[in-house]
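What follows is a pair of complexes built around chain A, which joins chain B in one and chain C in the other.
Up next is the complex of A and B:
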């Protein structure tokens, strides 16, 4: 069984890879990718069921935060039932998203802004070294350069310093990160193709 | 006559002619019966003539017969020991333990000693032939105790007196006085020597004679006192000259003839003979101890002299021991390994020692550790006096009948005295150990406990700091939004990537089909809508494209409807008429790849399960390259990277314009610089130029710009002030520590 799983995984990987270069394998690639999409959808359903079980168990054991778990399950079943009845494109469904989901997540993003500022304030207190100073100086500089001066035109920070930092320093760093990510993805893909890594075995 | 006799002791059957049990050596027949039936077994002092035995059996009373049997038994034991010393090679008979005694006593049948005759009462019976010679009689009189202590034949005692005397003389030598024991031994020696002058002397006595002849004449014993009742021959034997002044003059005892040839005759020391019955006495058992103490201490001298006065000659004379080179003796011995490494202590003379040490014993008892004492067997702790007292136990039954001190009769000897004392395995834990154990347990328990919060004051200050930051941001930005102030102008400069994006949109043909990908989360709705509104508004305003909305996020479809119905509400785009919702594209990278390969196969139906590919919006659109442009609205690097990479080979010449958040913009900028993306509008800074190009429509950037700029300034100010404050505190603390 284990060998069969390895053979199927490696063979599927090579077929999908060949579909990028050989038109003959394109149809097979599409079929395999559609299977992957279906499995991903099924995995989403499995994830939803797991979420229900975890929070239901928390309610059954009367653990701390069980009330929030109850609210979560109620909202989940309500949205599911409304989606089944009305459909996801219904105006009421969109109103539900705009009235609940968007404000909640936006508020979390606002809290993130406060937390980031607090963390920056406490950074030198916890790790007073040169890299912390450089980090804070760069952050403050980019904040000031991203805004315009009140009651006037854009300053030199906004016209020269910020573009230079963004297109030289940030772009160089981003390219390095992307190249690193690409190399890591390539190596990981090759290891999976040759069977060195078998993430499909689990554990 | 019976063939077998049952032993009364062990119950085993033995032949009828066996005097002792073959299994337990229990005497099966009494001596009287044995005398009457077995003439071969007789004691050394038994009469030799059977006719005489028969005549005596008839005339001798019962008490005398019993006395004879007991005396014959004791004499046989004594004679056996003497014979064993002279003739060790003579094997005893297997059938009779006393057979050897009979053979030994054969030459003495004709010469029964007088003291034996006195014991058995033969002198009173007036039997001839057993009377001692006049010479021997004179010797006995010289060494005999006073007349009032031991009755003699000359006193003519009656039958009753003779019976009591004989009864008193029956006990073993330990009950006999030392002087009397010595005299009896001398009698026995004289009797034996007179009978067998050359061949009957013990071999060990011969060897001792030879050793004594080679040694010089020792001086007189220092403790030998003339006041004691010591015969002259004994004094001569111990080396005391006759002419030496005596403290108390005593009678000059003549030396008997039978001792003239003994080693003590010349004053040479002789080894102590065994006691009358061969059982060593106390004086014999401690010759070395007496000698050691005699070297310099008066009590020891008196003990030695007392021993000599009792006729007990020490086995190791004092002179020999003093002349003996002890070091040479020990040097000639092969020491064990464990003793080889022991260095001898430094020799310290007695005079060098302090007075207190001189008074102490030469060899102090070792101070053994407690654990060593605990390991010593219990037997070792038995008192020596009790042991000696127990040695006096007289066997009253069995084959050892009449013998004394043969078997150890220690109290509790039957118990397993050698068994070591059982000790409890419980640890001896003191209070200090308990304290350490409690400390260790607390340390282990502390590892599993969560770390306690820091000081309340510090925690409270942190919480106040967070509340202060929140208050400043909320109050400042809220006031700016509520007032609608326009104090911060839009940036004049427009980034190149934004200009490229605007140009890509402007280059699209009118009424083209455009794919709009809404891959952002509801959390970034505010930023993404403001960033994308100017570009999309510009597109819809100029080109009136037909839109196909798709998303790799489950909420993307709803956010797309929100955007088109909210930010672009003035464009009045209707779903199903101006745009179609392809819904959620699952599968992540694979879904994007599949959609790029075959859009109709990947998403055959719309979000509401309607037929979208045959609708008027997507008319003639079957492949990805059929879309005139792809507008990607994303707030993450991963989503932008997937769409750029997976659609690069299938989108053909269709431009890809990205609208990204300020967070993802710098990371997606390399794709624009490399030409994989045709335009990039990142954040409000990038969207400001597009809005300016769109004549300030729809105006979201302008609406947010003041709050956005004020928020950036506040954030920079808080970070600067907070960092400066903490740097100052750190410097002060370091100075305090240095001071």
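Up next is the complex of A and C:
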């Protein structure tokens, strides 16, 4: 059974990959990708059961944070029931999302701003090297160039230094990083395709 | 037909199969990556002192182009699960995508079975923690404190929200090593994490944790491809200067 799973996974992977390069395989590639999307949808349901299992286990074992797990499960079932009764597109359901999920995520974003300032301040203490100094100096320069200062904007910073850092140094660096990540993704994906890594053979 | 892409992918696949056979028996020489060295040491200590390793795989669906970094996280999880299978507190893997969480469970199970410790596998150690970037981050933060975690690794696709996890790790005195395919996430992790892996170092992690030749062969292929890209870029510059391109 396990061998069959490996053969099917490897074959499907190669057909999908071939679909990007050889037009003959494009049609079957689309079919396989559509199947994958349906499977990903089914996986979401299994994932929610996993979430329920993990939090029910925490409540059962009276672990630290069990109260929050209880609140999470109550909220999950309440949202599920409301979704079933009203439908996910109903105005009240949308209001619920806008009143709870959006503000909670926005608050986390605000918290992140504070965390980043704290992290930057601690950077030199944690990693006192030249790269940390360059990193912090660049961040301060970019902030000064973007901010409206009491005496107006620093024109040299805003007109020359910021665009140069942004469009030459940062863009070049980001492209280099992305090329490295793309090559890594290609090789890691191929390792799964040739069956060297098999993240699907557990059960 | 895209011949260049086909040749590159085909050549890489052939090298991945052939290189481990050529190099069988000889240990791969890997350059030192301080972040991975420290992570490996801290992981060994966590197994010895009975504390836990948390591996976060990030949130993108494997069907998107950002899914590749999560595959590197899964490969690392396989190595970690084998080495820590008999630890008092087994490693926990969290994901922000359902399919990824299922694969994390499968990977953990396979790792335990490979070392003959399948009975120690606990399904709740592979978890779905949320379905958006911030919700999965918020759900991962308390795990650091509640489940006696001493080492955490973020290996997958993380955006700027990774900064919240770094801060939570620092508060809980957890060594956090972060690696992501997102440049903004990398900048945040560089500033806030105990150790940050930059660029393609993300994909090197499984090779540093494994004695097997295949992950090392993957790195060799990656290096060969990088040289091809460098030669291609430099050639394009020269041709442009000469007015040919």
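Please note the rule applied: the second predicted complex is superposed on the first by the 190 of 203 C-alpha atoms of A that agree within 3 Å, B and C clash if a C-alpha of one lies under 4 Å from a C-alpha of the other, contacts with A are read in each partner's own complex, and residues count from 1 in each chain.
Simple rule for what comes next: contacts are C-beta pairs under 8 Å (C-beta built on N, C-alpha and C of every residue); 3 or more make two chains touch, one makes a residue touch a chain.
None of the values given here were measured: they were computed from a predicted structure.
By the document's definition of touching, both partners, chain B and chain C, reach A:120.
Using the contact criterion defined above for the overlaid structures, shared-chain residue A:36 touches chain B and also reaches chain C. Shared-chain residue A:85: touches no atom of chain B or chain C. When both complexes are overlaid on chain A, the residue A:167 reaches chain B alone and has no touch with chain C.
Contact with chain C, but none with chain B, is seen for A:51 once the two complexes are overlaid on the shared chain.
When the two structures are aligned on the shared chain, A:68 is found in touch with chain C, with no touch to chain B. In the overlay built on the shared chain, the residue A:183 is in contact with chain C alone; chain B does not reach it.
In the superposed model, A:134 makes contact with neither chain B nor chain C.
In the overlay built on the shared chain, the residue A:8 is in contact with neither chain B nor chain C. Note: residues 20, 33, 36-37, 40, 44, 101, 104-105, 108-109, 115-116, 118, 120, 122-123, 139, 174, 177-178, 181 of chain A belong to the chain B contact set and to the chain C contact set alike, using the contact criterion stated above.
Contact residues on chain A toward chain C in their complex (touch as defined above): 17, 20-23, 33, 36-37, 39-40, 43-48, 50-51, 53-54, 57, 63-65, 68, 101, 104-105, 108-109, 111-112, 115-116, 118-120, 122-123, 126, 135, 139, 173-174, 176-181, 183-194, 196-203. By the touch rule above, chain A contacts chain B in their complex via residues 20, 26, 29-30, 33-34, 36-37, 40-41, 44, 87-89, 93-94, 97-98, 101-102, 104-106, 108-109, 113-118, 120-125, 128, 136, 139-140, 143-144, 146-154, 158-159, 162-163, 166-167, 170-171, 174-175, 177-178, 181.
On chain C, the positions that touch chain A within their shared complex are 1-3, 5-6, 8-9, 12-13, 16-17, 20, 61-63, 65, 68-69, 71-72, 74-75, 78, 97-99, 101-103, 105-110, 113, 123-124, 126-129, 131-132, 134-135, 137-138, 142, 145-146, 160-161, 163-164, 166-167, 170, 181, 183, 186, 188, 190-192, 194, 198-200, 202-203, 206, 214-215, 218, 221-222, 225-226, 229.
Residue ranges on chain B touching chain A, taken from their complex, read 462, 465-466, 469-470, 473, 487-493, 495, 521-526, 555, 557-559, 561-562, 565, 575, 581, 583, 586-588, 590-591, 593-594, 597-598, 601-602, 606-609, 641, 649, 662, 666-667, 669-670, 673, 683, 685, 705, 708-713, 715-716, 718-723, 726-727, 729-730.
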